[in-house]
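A, B, C and D are the chain letters, set down in written order, and residue numbers restart from 1 in every chain.
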């Protein structure tokens, strides 16, 4: 029975397909990973649900409350958008590190999140941006924080009848500075270890950190926030010892896995190095343009 | 002799960067590779492969597969002749017969009009396997307890009768000079080291493809195949499938990269059996996962190097034992000894009076290995040239001086040459030192430089050529040698334009089929310019005398009064009386005789002239992650006449980057015989962002074995890159990694061990 | 099966293909345009690069049906009635190809890069072609050809 | 693919063995295990396992055979099964039980072989998935034993 391609023009149409067929109506956004799996028969859905022509899934709006990004926004859109550059530059930094030019031209933020492959570049950055995703079904729309969204190895909170429609990023606190660092054999690879850091200064104590957010990718079945490490330093002075301690704790929170590119132990050791470097990069960016906008 | 600035004789076409003659087709998308021939009615063939590394096939039931809608045929070993195939050693069945010996070995083949149907139907074939104990490490395979992979090895056709027979070993090649035991006894220092190298894939972008179409009435078997040795392939296909060779016509088409990996039969026999059964053209194109898991990669190896020196740094003894992981079959190896050609140069580019090399090709239950650019030498150069730096360190000598101290010179014997000639070893080393300011290099932190040296010979074989003048006066060369990308066809046209004194663009080249000539070696081993070049020059000489003879008859003079000068046949001292080639050609057709000649040339003796090359690599090592960044790569090449500078530089840059991939990132990672890096996301080869600053220096000498005093370049740019980078990493951060590839993790671990050793209170 | 109408190199061509067929197969098997090459089929090697709406994409991971109504340019569309364009000529001059199997994809990626950024730096060229593997040339000739084309402004 | 691990269980050896001995209960701890049918008590069982790695769903009909059974000591199970599309799986699992005072410890060793397309192209996914499945399985076994009083 030949596989069907359904190309809905509205969310309603798309969501009713999902309601009817659930996982058998597999949404396809950029298709850069999905079509490889399809060609090699790792997946065999009855229907491919092409999200390309749904207007509501497009567009990137910068509002006072933050930035709202349509799921079908491509990596190229992100790394070349002036709104992203000014409001959430960390996201542009991470998007520029995904795959190759051709993949960045078609690959989308929604597809990247729903595929949830360990070592992907956007998740750590979006985690430290406190992003959340809007999941819509025909009956309801719900907002899920990214930490809840990443459920398990290649698994997310998207229910069979739902489609990820938008990514919402709240406005960054004054003076917040971020950095994303990726360790890989070649730049276009999935990360052996990917670390994103967001440094929010303390309003009153100049050299203390109000809030340090650390997002880790490639070092566990899911991307995650190093909550313990963050707790150890929030509100404290960020000197060398504090940074080293944060890096140690973050490494202990990981559950890395081995593959031909790197062993689990090496991944854990790299977290220590990359967390220190990401914090240094974020702090250096803080000095460079004073306490202005991110 | 210093950097001999030899005044090159002034040529008109030779020495120019003539544009690639097939280039226009390639940049416009018109070049036809095997998979681009679309014949109406063509169906797909797809293979079912063994999931076990070593197993007995007890039951094979294809009924459900045959019944699957869209399936046209399913063949297993029972449906085809029990003939073993191989380029030299015939030890490989076309489909596994009762025994599977590696993960990926072909069990059955399915034909269907739709590619997906052909792929899916394989899963419906029921196979009962009885697992047998596998062996993956060559050193384990030769021990008594190891399983015997080929019980009837002694009966195989093409089994070399050399060396001693170890278990599971199909070839043991020995190279001897002097008495190595005595050499070690007389040595003041003896160093012994073990090195290990990994499986790597040639990574030509065109996957192996074959297309077979059989003419209904005449039974002529038309073949298009990504294979560079059409005549060998025609004869081995004929033997394999039991048809007379004259029935087979192989149309030589463009090949999308070879580097030594496209010389075996691969899927061709199965493609034939299906075409013969279905009376329809059948195409088989390997997916890249099949390429990376079941083609014919470069051999992994365990290498032991033992070197003895006198106090003054003279190397007087070197013994090398190399255990090649040959994989499940030796069928992919083309040379008579069914061993690796690099073994003869295991001792390196040095005059060493006492040398012993033992090179063992051993069966294991992993992918059968084949040739990849300078096969054997790339692995052995990594071991040998790494150890030279380790010795220099131990003797507190500059690695440059240790090399200069022992460098080969004219007249020096080696294990296979009575006396080397035209040796440029010192010159290449001195040029490398000069151009990189080796002696006064101020080393920034975590930056290091390393050097390495190797040499090669040009390849042997035979070749035919036909040459004619077309009615429009253009000269046409006809060959059945494929240009796998090296640019050899362009060079042949430059040669003919030069000797016949016609403009380059008046010479064309066509590629024939295996009907054109009787037989020849085919592309490979950097032999094309050397062997086919001489065949073409012989044809050009014959054509020239034929033209002068015909012109003389037309101009009413004796043939020795006629000369061929800038495109016209002229009467000597009276050049007003002349004929153009077009006039001569037209006259020829009226008198119904062809202006066509044919020639043949063979080379069986390796010329005593070695082609030397050195490399100086500069790296930065990030000590926190172990990541190595290649900052600069200087290479120095021993050349005489450079026939086509752009083409020559392309061979150098391409060879270098394959060397860079080999040392820093490439590995067909294996777990219990299964290749786990099954696509280019997992099997990493250098991409455009990995190319560092490359600087080439040419050291000119007068003579070269190839036409117009030129020297080999195709395979001499790769072998010294890996050891140079390994030595640079040691120079940067003091860690010596002796098993390839040198990944960030290995450098990181070695750095940690070194730091731990330094902190441990010294044992004294 | 679906009947697609594709705009390829300025021509409107009909092709029959499965609903979820990939653009690479539609171009090669459906339309017989074999200039676009089948390499890895896992979006890594770039031999199948074409322009879709002027942007470089790997046609092995693009649904053919999605390309209806969009302008597709393949290597066959670069030269006008047999005349090579400047980039093709410079690829030949600078030895930017040897076996030629990556060349169609490389030319399309370079064309898209130069359209987006007419004067790219060496670093920008490296990023622009980071999805196109070549095993023969070591990439140096490709840099030079693209830099020369940028300078010539054609 | 070989994995090892051990589980400490806050129950005496006899309690733990009672659970392990009951093959239906033991195999139903396999994540995605939909049904277990006894073909021959203590020897042969048929399992239906449905699991997924992201969009890749696998429906396996597994035949489980008890290879070794040493009461209160160890149990070895071999499982083999096929999924028409994705390929096949072959796994052996050995559980060794040791008393630790009033509690007990299970050392387990498992070797998983995956074939067909999953075995080649899917290998990286499958290897990591196998690791998570085995961790989940051991947690299920631990909580199942410790749950019932």
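What we mean here is this: a contact is a pair of C-beta atoms (placed from the backbone, for glycine too) under 8 Å apart; a residue touches a chain by one contact, two chains touch by 3 or more.
Since the model is a prediction, treat every value here as computed from it, not as a measurement.
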A-D or A-C, whichever has more C-beta pairs in contact: A-C
Most remote chain, CA-based centroid, reference being subunit B: D
Computed distance of Cα centres, subunit C from subunit A, in Å: 30
Rounded Å distance between subunit B and subunit C, as computed from the means of their C-alpha atoms: 29
Whole-Å separation of chain centres (CA-atom averages), subunit C against subunit D: 49
Subunit B: positions in contact with at least two other chains: 120, 287, 289, 676, 679, 681-682, 687, 689
Residues of subunit A touching at least two other chains: 40-41, 187-188, 259-260
Per-residue multi-chain contacts in subunit C, two or more chains: 41-42, 127, 129-130, 132
Arrangement of touching chains [line / ring / star / complete / other]: other
All chain pairs that touch each other: A-B, A-C, A-D, B-C, B-D
Interface residues, subunit B side, partner subunit C - complex: 17, 19-20, 22-33, 35-36, 38, 202-207, 254-259, 285, 287-289, 484-487, 646-647, 649-650, 652-658, 679-681, 685, 687-689, 691, 694
Subunit C contact footprint on subunit A (complex, rising order): 2-5, 7, 28, 31-33, 35-36, 38-40, 48, 50, 52, 76, 99-103, 105-106, 187-188
Partner subunit B, residues of subunit D touching it in the complex: 1, 84-85, 87-88, 113, 115-116, 119-121, 123-124, 127
Residues on subunit A engaged by subunit B in the complex (per definition of touch): 40-41, 183, 185-190, 259-263, 266, 269-270, 273, 277
Subunit A partner contacts - residues on subunit B that touch it in the complex: 116, 119-120, 287, 289, 624-625, 627, 665, 667, 669, 676-677, 681-682, 684, 687, 689-690, 743-745, 748-749
